[in-house]
Each structure stands twice: as structure tokens, then as C-alpha cells.
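Next, two complexes with chain A in common: one pairs it with chain B, the other with chain C.
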Partner chain A sequence: MAEKIKLFVNGVEVEVEAKKNLIDAISAVGIEIPHLCYHPALGADGNCRMCLVGIEDGRPPLVPACKTPAREGMKVLLDAEHIKKIQHDVMELELINHPIDCPVCDQAGECKLQDYYMSYDQKESRMTVPQVTKGKKLDFGSGVIHDQERCVVCGRCVRFCRQITKTGELGAINRSDDTRINIFPGRPLNNRYALNVVDLCPVGAMTSSDFRFKQRVWFLKKAPGICHGCAKGCNITIDHNRQKYEDDIIYRFRPLLNKQVNGYFICDEGRLSYKQENDGRLIEARLSTQPRSIDEILTASTKEIDRAEKIVISLSPNCSLEQMITIKALSEKLGATLTGYSEGYIKQDDGDDFLIQDDKSANRAGLQLLEIDNSRDTFTGAIREADLLINFNNNLLLSFAEKEISKLLKGTKVITVTSHDTPFTTMADMAIPVASFSEYAGTVVNSDNILQSFGKAITKNIDLDDISGIAARLGSPLQTPGERFAALQQIISALNGFEPDNIPAEGLKLKESEAANVTA
Partner chain B sequence: MEVKILSAKFDIKDAHKIEVAKEHGAYSTLDKLFSMTSAEVIEEVKSSGLRGRGGAGFPTGVKWSFLPKDTGKPVYLAVNSDESEPATFKDRYILVKDPHMMIEGIIICSYAIGSHDTYIYIRGEYTTQFKALQAAIEEAYEAGYLGDTVAGNNFKLNVTVHRGAGAYICGEETALLESIEGKKGQPRSKPPFPAVAGLYGCPTIINNVQTIASLPFILNSGADAYKAYGTEKSSGTHLFGISGHVEKPGMYELPLGLPLLEVIEKVAGGVLNGRKLKGIIPGGSSTPVLLPDEAKTVTLDYESMAAHKTMFGSGGIVVLDETVDIVELVKNLIDFYHHESCGQCTPCREGLGWMLKIVKKILSGKGKMDDVDLLRELCDNIEMKTVCVLSAACTMPVRSYLDKFRHEFEAYVTTEDFSAAEAKEE
Partner chain C sequence: MSATVKTIERKGSSLREKLYLIEIAKGMATTFGHLFRNLKDNRKLYVRHYPEVQPEIPARWRGRQRLTTHEDGTVKCVACFMCQTNCPANCIMIEAGERLDGKAEKMPVKFNIDLLECIYCGYCVEACPLDAIRMDTGIFSVTDNNRDSFVLGLKELLATPGAYSEEEYKKGGA
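Up next is the complex of A and B:
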């Protein structure tokens, strides 16, 4: 436990964490100190002057809260008239040269200037002289569009590129009210985390070319989720909306704070992977290339299973633990060979020392926990002899060339249970559509052995079953979510004492021994 | 009234050359210096009452004693030669006419604070000063006063001249450090203070050229000799740059504590062409103006200036006669500080530009009484809300002009409504 100290805010005693700055310490007990330039991941800069607070009997009596550590007995003044006046005055100065183009600004609805205007200002403009004009819709690269007039020059984006990505593409150039954020000529943002500056920007100065003008943020429903773009398992907020007469569509992923996993950020590739949840999906069952009802194909599949002598079941390293254990139980019941072979999901040397991993799947650690074989030899050996392959969302074309897999699958019936309509889907004899990760609840284990659960964020107009449900209908003994979770608890002792919906938000760190501790 | 302490060699031909300077006593304090302990040197400087000559007037010896002991890090000395405050032109005389006096001062200070590396930060445009200074430093190296064994003593000292790119803000001590480090010159938040974490995160003392140049005399003649000049709390002498509407503008060395009006009358020859005095800027453009009546009781020292709600500043005295248009002056003033704002803190970045536009509007004849009030209010809203005091360097004098010469602003104000006409134009 962190050390606690007592201090006074507006004369009321509160207990806060020692050593934190006043913004963080006091916000933990629900008291807001307005700030624009400070960000916990980037540290204090002290330029916006919004967080100036009074310290009674303090020397100096006026301090920036971001730069001031909480100390025992400190008497912090926030509601004193002179502090409220400073907040108003700073807001007035922030706004005099701001275009106040909220009606056409993407940030509207999640803009600190709007919020703080309502909380700390609410005065009419006294600006009767011409405003400073600066650059608009500047393409900074990597999908970042910059508006220098909306900018409050807090420098978060500059600090992000210097401290976090260490690429330093951005700088504050010029002086005075001519100060503006810019790139070096011909040197745009060129790092794999660039779009984080859009989230970091407290105002509408940094917008994403992918998201801008697509949706007003107040229409967006926000649901927590886990990015399935790689093995890091970054926590995300899934912003989605179902417009009238339309389907539930995801408009963007944003990072969701998880200090144990991804901190405040996500990579751009993961951020833009939301598109794969919307597009390229399989929504109908198929017999070869002909649409059929899901029930029809399931019945046909069951017949194939009954008829088959040697079955191979393949599954994706993106499957949740629940899906994996349901498939494993099905495999055991059918006496099939179970394989998680998915080498193609690994891009050697693509990862970095920050968030991006080589392994582009979300739950390979789960395969290991459940002792599911993922060797190439097992896969190819079993496939050669098999007369039926049931493939659960494993895109084999990532691991094999098309010719190679066609040759291997010669004489083998293929049932594919898939969320996406890939070229492999068209190679299958039967295809069954399933929910993708934003549409089901589940649990995955990341590359750092952290187990994280996520809920169902999206409900499509056609609300497809997830892989567990299909595996159950194909005969897996684990028929209900409760049974599946109980089966997982048998294997992963860290889950004991938890229910699927009360796994801590920051995840459960599995011990090294736990990962190896597969059922005896 | 004039004295010759700092300016002793200013009138000697070629005193910037080491052989001439040495004939007239340069580097003669070094034997005494190295026979003393560093603590004794600091004590001597403390008891001399020498105060920082950059403008703030903080006691120099006390500043030195803030250095933490035994940090395991090098201690740096940075000499502030950015001299950018409008109306200030004292340090340039030292650098051009007697640079060895400053180098000797650097040796004294470095020995006292245990520093072996000095950076002299000089404004980029000052090519004359830079050339003179650089030549003197090379001479000093040649003569063995700088380098591995200073004057044959077991003391190493290297001096590097760093030329800035011409920014007023780089005279602010932490912006100066940022600039030396190769970054954009923007002041740092304090704490930590430079004495604790300064240049490259190491303990650093930053002193003004004139402060450093005062050290040879203090060490040579002793603290008491220095204290013989000036007042009890403002001891010693100061280089005053007197400009504006006077008969004999120029740089004069005077003991502190002389009556301001007497100095203008007797030293600078009085107001130009016998015109009427309108006001006096006592110590550089950032110090609040004094009315003739107020000036009657002002003496040239830190305490008297503070008692008259202004500041001693840099010793750059500007005399304003009756022909001065205060509103134009204020426009000029804000224009300067607006241009020089580093753009870091919101109030200064946005506020000074707004103030400039308002005063321009008033000058154009389209200003309203509300604009004068707003200008006055903005002074209060901006001042002391920022990392450094640049904004205050603008708002403090502007406030003084608004309060003392309000009628001049009001004379420009109109009651006519231009908004309809402007709308038509558009």
C-alpha cells in the first residue's frame, strides 16, 4: 500500500497518497484540478497554468498543482475567489485566439476547453480585436491532421514523440502567440504510435483522418475491450453506435488505461484494427459457395462428423480460453487430433520494446496453458491422414501458401467456423459464421502471462453465436458458460475465487509456474 | 559624483589587451585568492554586500552558498552576458573595454564555488563584444590564467563562450541554461533552482557580467573598501546607462544611493533642451515609471526604488520629456515583450498579444473606455501567473503608465460606434 498523508482541500481534511502531485493525489478522492498540459504518462510541464492552486501559508502562495507534491498538512485552496479568478482568466486567454469552431470540430463533446469553459469560465468573450491566424488541416502524417488555431500549445504531443516513441517528429516553433506545433519540413510523423497524439490532445488540434467527420462523439457508446491485434492484449475502449435502421458499427478503438499491460497507449495498427470488426465478415452459412441457413449447415456438419474416421480440429490462437476449452472438450469427445498450429500469425522481428509483439494473436499463451499442440509436424501429419478438418477461425493461409494447403487438404472435407470471409473460407466445403471478439465475452492471456477478461461490446443485427456456442452445437460436452469457466478453473488455479465478471480490470498476473502448471 | 572602480580602465587605451590590462593591475588579486580558502572568499563577498547586477539584486555571496555540498557532480558557472533589457548597455562596456576584469572575476568566483567550467552566454548579435571577449579569453589561456593550472596554481578552469541567437528570454537564467544545452530558450519551472539542478542537471551559479567584474576589486581592496561606496543595504558602485531626453546620455559609474534627479541634472546634464520632465524609467524598460514628483525623493538604490513601488533593475535610466506620447511608448513596450515572449505559458503567450492589439486599437482612435479598462485588468490577470517573470516585466510598467498617465489613454478614446461601419466595409 502506498503511504497515505492527510492534507486539506478548501479546509476539508482528505487522505491522499503521498509523493503524488496534487492533481493526481486529489483527483483520487474525486476533486478535480483543471489542467491541460499535465498528463500522467508524460509528466508535468507547467505551461498551461490552469492548475494553479493556492497554498495557505505557503511560500510561494500560488503553485502549479502538477509540479507540487502532496505534503502532510498542506492547505490547498481551490474554491477561493482568487483561484477561481485565475482559472477564469487562463480560460479566457486560452480562448481569445481559439476559433471556437465546435460545431465542425471532432473534439466537441470530449474537449477540455469545452468542459473547462462550462466549469470555470462561462463568460462572454471580450475579444474585439482580430484573432491570430495559423495553419489549418495540416497533414502531419500517419493519419494525424493538425489545426494550429485550435491548439493550446500544451506540448503533450511534442513530449509524447520525445519521451515515449523517442522519435521527436514534433516541436513547438516560433514564439509568443505565434507559437505553434509543427513537423520539420518533409519529416512527417513516422512512428507506429503516432495516433496517440490524437487522444493526448486535450482539444481538437490533433484529429485522426480516419475518424474525423464520421461520428459525433456523443452518439458513441463506449465499451471496454481487449485488442486482438497482437499478443500484448492492450486494453481498449470500443466506441460504437447503431444509427437508426443501421447495424451496430465500431467507429474507433482508443486506448484504455491498464498500468499492468499497455499504460495509456496503443499502437496505430491495433487502433485501426477496428475496421476488421466491421468489414470482411462472414454473416451467412455456406455450402461451398452457396448461402444456406446456419442450422442447415450445422446439421450437415454433424453428419460429416459422424461419417468421418479421422478428424483434425484446428483452432485460432485468437480464440478465448473459453472457446479453446470447449473445442478441446469437443476434440476429446470425437477422438480428433487437436492443433493450434498458426505460425503464420507470428511476424518475426516486427515487435518492439514497447507494446507491439511479433505474435499477432491474442491468446497463444492460452494454447500453451491448455496444452494444445501447435507444431507444424503434428498439423501436417494429421491432415494427411484425416478425412475431415474442422477449422475454428484459424486462417491457415497465413501459415501456408494456397497451393500447399490445397494439396494438404486434398481428399479432406473442410468445415470452417469463421468470423471473416477470407480466401480460406471459399476453399472450405462448409462455412459457419461466428461472432468476432468484440461480439462475445471471453478471457485471454497475453505475452506477459496476464490473464484478462472482456465483455461483449457489440450486438450486431444478426447476433451470431461465438465459437464456444458452435462447438457446443457440434457436440462439445461443455454446453454452458458456467461449465466452461469451471473447467478453466480446474486448470488455472489463479481463477479460483473469481467469476467471469469479477476478474480485476487490470488482469490477473499468472505466475510462471501457473503457465507451466497445466493439468496433471 | 562619478567613481572609477569597475570603469577604472575604461579610458585607458588598449586596456582590453592583456599586457596593458596587467600594467594596470589585472590578475593581481590571484595570489591573494589562492592563499585564501574558498569559504573565506565567499565570506568576503558576502560581507561586501555585493548584490546581483542583472536586475534582481539578490546578494551574490548568499546565492553562492546555496550550492549543495559534495553532490559528486561538477559545479558550473554561467555568466549572463545576454544583456537584452531595453535601455541597458552596461555589460558591453566591460566586455569591450576591460574583458580581463571579468575573466579575473570568473577565476575568483570559480575558485569560491569550486567550479572548473564556465560558460559565458552572450547574445548572438553582440559581435563586437564577442570578438573582444574571445580574444581576451585566448590571451588569458596563453598567459596561463585559464587552463589546467590557473596562474600556476593547482586549479583548473576552462571558459567557453556560448553565443545565443538573440532572444531576450535567454537572459532569464533557466532559459539561458536551456539554450546552452542546445534547446529552445524557455524558462524552467522552479524549484529546483539552478544552484541545485542547473546546467545539465548539475549545480550551477549564474551571475551577471557586472557582478562577476566587481569581484577583483572586492578581493583586492576588501569588503570594507567596497562597502565604503553606496548605502548600508545597497553597497558598492554600479554602471548606470542614462539615455533618453538628457543632454549627456552615456554610461556612468556611480556609487549606489545618489539622488536620482541630482544624477540626471549633474551627471547627465539635465533634460534635453531644457524641456519639462514627464517621467523617468529607473532601471530598464521593465521597471515601473516614476513621475517627476515621485522622483524627487528617489535615490539610486534597491531600497529606495522598492519604497517608491518600482525597481532598481539594471541601472538603465531613461528620461522621458514632455514630448513623449505615453500611449505610443506603451505600444512600443508591449510590442517588445510580446515579440520576446517564449510562448510557453498561456497567460504570457496569449495575453501580451491581446494587450498589444488593444493598445494599437486605442492608438488608431477606435478604442473605447472599456478597452483602457481591459488593458489595465489584463495587467493583473497575466502578472505572476507564469513560469518566469517576463510577463510581469511587461505588465508592471504598463500598469504604471496606465495608472499614472491614464488621461493620455483617455484622450485617444472615442465614443463613436465603429462596428456598423466595419460591418459595412466587410
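Up next is the complex of A and C:
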């Protein structure tokens, strides 16, 4: 537990964590100090002056809360008239040249200027001179669109590019009311985390060209999730909405704070991977290329399984632990060879030392934890002798060339259980559609051996079963979620004492002994 | 203010009324009286000769919606979704897109109103920050024989002109 100290806010005693600045310390107990430029990941800059508070101990009448560490016995003044006046004056200053184009601004609804205007200002503008006009709809590259008029020059984006990505593409140029954020001529934003400036921007100055005008944010429903774009397992907020007469669609992924995994940010590739959840999905069961009902294909598959002599089951490294253990139980019952071979999911030298990993699958550590073989030799050896391959969402075309895999699969029946309609799906004799990761609940282990659970975020109009459900219907002994979790608890001791819904939000760090098990 | 109580005599208790055939005959006499009088000369009818004679619709009547335009005929709406947000019947469905003529940044590429679901409450008009949607077409009766034609698109909404002059509309309290 962090050290606690006691201080006074408006004369009321509160207990807060020590070694934090006033904004963070006091906001943890639910008292907000308005701020625009301060962000916990970027540190205090002190340029917006919105967080000025009074400290009753003889120091200057106003101090910025972002630069003031919380101390024992401190008397913080927030609701005095002179503090309210300062907040109002700062808001008036910020709004002098603000275009107030909220009706066409994507930030409306999650905009700090809007919120603070309602909380601290609510006055008409006193300006009679024309506003300063600046550049609008500037393409900063990497999908970031900048509106200089809306900008409050808090410098969060500039600091992000300097401190976090260390690429420094952005800068503030000119002075006073002519200050604007800009890129250097001909050198647009060029880093793989650039879209984070859209989240960082407290106002609508930075917008994403991908999300631009797609939805008003107050329509979006927010659900927590885990990005399945790479092995890092970044925490995300899935913003989705079901429009009238339409399906439940994801509109964007945003980073969700998890200090143990990804901090405040996610990479652009992961952020835009929401598109794969909406598009290219398989929604009908198929016999070769003919659409059939799922029940029909499942019955046919069971017959194939009974008939087959040597079965190979392959699974995707994106499957959740629950799905993996259900498939493992199925393969043990059928006496099949189980393989998680998926070399094609690894992009050599693509990762960096921040968030992006080489491995583009979400749960390879889970494969190793459950001791599922993933060598190429096992896969090719077993597939040559097999007469049936049941493939659980493993896109083999990533690991093999098309000619190679069709040669390997000659004479082998292929049943593929898949969320996406890939070229490999069309190669299969039977295809069964399943839910993708935003549509089921499960647990995954990331590249740092942190086990994280996620819930079901999206309910599509056609609510497909997930892979464990299909594996259970194909005869896996683990029929219910409870049985699956109990089976996992026997293998992963860290899960003992937990239920699927009370695994801590920041994840469970698996012990070294279990990590050792991974490498074994 | 004290309430005044007026006791109404209950009818139908006398023997003549209880026989009620006499009362029916009296009632029928009135009905047939009207029938024959109107057959002879219907100018004295107490009701409007609808649909030959249309009612007079005041400017503040909430009729079918329309989208207003700038003077050059381009759409005023900037697709801020205020009307859709405010609509209690959820009958407005907008899709926004980039606007390139310099009038605004954003415009609707789709603007559908499902008139079968619309309850003509006028909240969309009240919510609009740009006076881009109005219910001043004077159209009070929308009829058709299939459901799809009740969903108005951007084109239909822009094509209908307002039925009143600007002064009349403003006087109506808008």
C-alpha cells in the first residue's frame, strides 16, 4: 500500500496518497481540480494556469496544483471567490479566439473546454474585435487532422512527441495569440503512436481522420477490452454503437489505463484493428462454398470426426485460455494431434521497446502455459498422415504459402472454425463461424506473463457462439465456462481464489515458476 | 375562489322514457331531419367539405419537416446530430460527411426521417442550432400505400418549400 497523508480541501480533511501532485492526489478521492495541460504521463507543464489553487500557509496566493506535491496537513483552497475568478478568467482567455464550432467538432461531448465552460464559466463573451483566424483541417500525417483555431496550446501533443515517442515532429510556433501547433515543413507526424495525440488533446484540435464525422461521441457505448493486435495485450476501451435497424458496430478503440501493461497509450496499428472486428467476418456456416445452417455443418462435422482415423487439431495463438483448454480437452478425447503452429503470426523485427511486439498474436504465452506444441515439424509431420484437420481460427496462410498448404492438405478433409472469411476459409471443406474477441469473454496471457481477463463487449445481431462453445458441441468434455475455469485453475496456480469476473483489472502477474513452465 | 356546484337532473326515469321506443322515434326524427335537409341543400353543412376544401393551417402548426437551404440552395444542416439526439421517437437517422464548398466543415450525406415513427413533437426544430430543420411545410397529412415511401431522404426534405413567408413564420413564435 502506498503511503497515506492527511490534508484539508476547503477545510474538509481527506486522506490521499503521498508523493503525488495535488491534482492526482485529490482527484483520487473524487475532488476535481480543472486542468488542461497536465497529463499524468507527460508530467506537469504549468502553462494553462487552469489548476491554480490557494494554499493557506503563507506562500503566494495562487499556486499551480500540477506542480505542487501533496504534503501532510496542507490546507488547499478550491472554492474561494478569488480561485473561482481565476478559473473563470482563464476560461475566458482560452475562449477569446476559440471558434466555438461544437456542432461540427468531433470532440464535442468529451471536450474539456465544454466541460469547464459549464462548470467554471457560463458567461457570454465580451469580445468585440474579430477573432484571430488560423489554419483549419491541416493534415499532420499518420491520420491526425489539426485545427489550429480550436487549439488551447496546452502542449500535450508536443510533449508526447518529445518525451514518449522521442520523434519531436510537433512544435509550438509564434507567440501570444498567434501561437499555433505545427509540424516542420514537409515532415509530418511519422511514428507508430501518433494517434495518441488525438486522445491527449483536451479539446478538438487534434482529430482522427479515421473517426472523423463517423459518430457523435455521446452515442457511443464504452466497454473495456484487450487489444488482440499483438502479444502486449494493451487495455482498450471499445467504443461501439448499434444504430437503428443496423448491427452493433465498433467505431474506435481507445487506450485504457493499465500501468502494469500499456500505461496510457496504444499503438496506431492496434487502434485501427477495430476494423477487423467489423469487416471481413464469416457469418454463415459453409459446406465448401455453399451456405448451410450451423447445426447442419456441426452434425456433418461430428460424422467426419467419427469416420476419421487420424485427426489433427490446430488452434490460433489468439484463442483465449478457456478456448485453448476446451480444444485441448477435445483433442485428448479424440486422440488427435494438437498443434498451435502459427509462425506466420510473428513479424520479425517489427516490435519496439515501448509497446509493439514482434508476435502479432494475443495469447502465445497461453499456448506454452498449456503445453501445446507449436513446432513446424509436429504440424507438417502430423498433417501428412492425417485424414482430418480441424482448424480453430488459425490462419495457416500466414505461416504457409498457398501452394505449400494445399499440397500438405491433399487428401485431408478440413473443417475450419473461424471468425473471419479469409482465403483459407474458402479452401476448407466445411466452415463454422464463431465470435471474434470483442464478442466473447476470456483470459489471455501477454508477452510479459501478465494474465488479463476481458468481458464480452459486443452483441451482434447474429450472436455467434465462441470457439469454446463450438469445441464443446464437437464433443469436448469441458462443457460449461465454470468447468473450463476450474480446469485452468488446476494448471495456473495464480488463478486460485479468483472467479472469472473478479480477476483484477490490471491483470495478474504470473509467478516465475509458471513463467519457467512456459520456457520448458 | 369557491367551486360552484351544479346538480344535473338525471334523465330517463319517467315511464315515457323507460318505454324508450318513443325516444328512439324522436331521435330518428332529428337524424332524418338533418339528412333530408342536407340532401336538399348541403351548403349549410356544419362540417368542412374535406378534401375539396382544405383547412387553413397556421404558421406555427407542426407539419411535415423540411430542411432549409442557404440562399444559393445548398443545405444549411451541418450534421451536428442535435435533432437526432433530441428526438424522443428516434425517427431521425443521419450520416455525416466532409463538406468541401467552404460553408462548413461537415454536412449530412444521408438524412432520413421515418414519418411513421415521427410524433411531430417539434423537438428537432427546437434543438437545431442553425434553423436548418423546420416543420413549416403546412403538410398535415402524409399518406401512401407502402412503408418505404414514408422514410424521407435528404432530397425530399430539401425539395419541399416552406408554406409561409419568413415574417409569418417568425410571428408564429419560432
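Basically, the second predicted complex is superposed on the first by the 514 of 520 C-alpha atoms of A that agree within 3 Å, B and C clash if a C-alpha of one lies under 4 Å from a C-alpha of the other, contacts with A are read in each partner's own complex, and residues count from 1 in each chain.
Basically, a contact is a pair of C-beta atoms (placed from the backbone, for glycine too) under 8 Å apart; a residue touches a chain by one contact, two chains touch by 3 or more.
All values derive from a computational prediction rather than experimental measurement.
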| item | value |
| --- | --- |
| Combined model on chain A where chain B meets chain C, clash or fit | fit |
| Chain B versus chain C as contact partner of A:Leu93, first or second or both or neither | first |
| Partner chain in contact with A:Ser27 - chain B first, chain C second, else both or neither | neither |
| Contacts of A:Lys136 with chain B and chain C, given as first, second, both or neither | second |
| Which superposed partner A:Thr179 touches (first chain B, second chain C, both, neither) | first |
| Contacts of A:Pro64 with chain B and chain C, given as first, second, both or neither | first |
| Of chain C and chain B, partner touching more chain A residues | B |
| Partner chain in contact with A:Thr380 - chain B first, chain C second, else both or neither | neither |
| Chain B versus chain C as contact partner of A:Trp218, first or second or both or neither | second |
| Shortest CA-CA distance between chain B and chain C [superposed frame, angstrom] | 15 |
| Those residues of chain A which chain B touches in one complex and chain C touches in the other | none |
| Contact set on chain A toward chain C in their complex | 101-104, 108, 136-137, 212-214, 216, 218-219, 243-245 |
| Complex contacts: residues of chain C adjacent to chain A | 78-82, 85, 90, 93, 96-98, 104-106, 129-130 |
| Parts of chain B lying in touch with chain A, wherever the complex brings them together | 167, 169, 184, 189, 338-347, 349-354, 357-358, 360-361, 371, 374, 381-382, 384-387 |
| Chain A residues within the chain B interface of the complex | 44, 46-50, 52, 62, 64, 67, 85-86, 89-90, 92-94, 96-97, 126-130, 132, 152-153, 171-172, 174-179 |
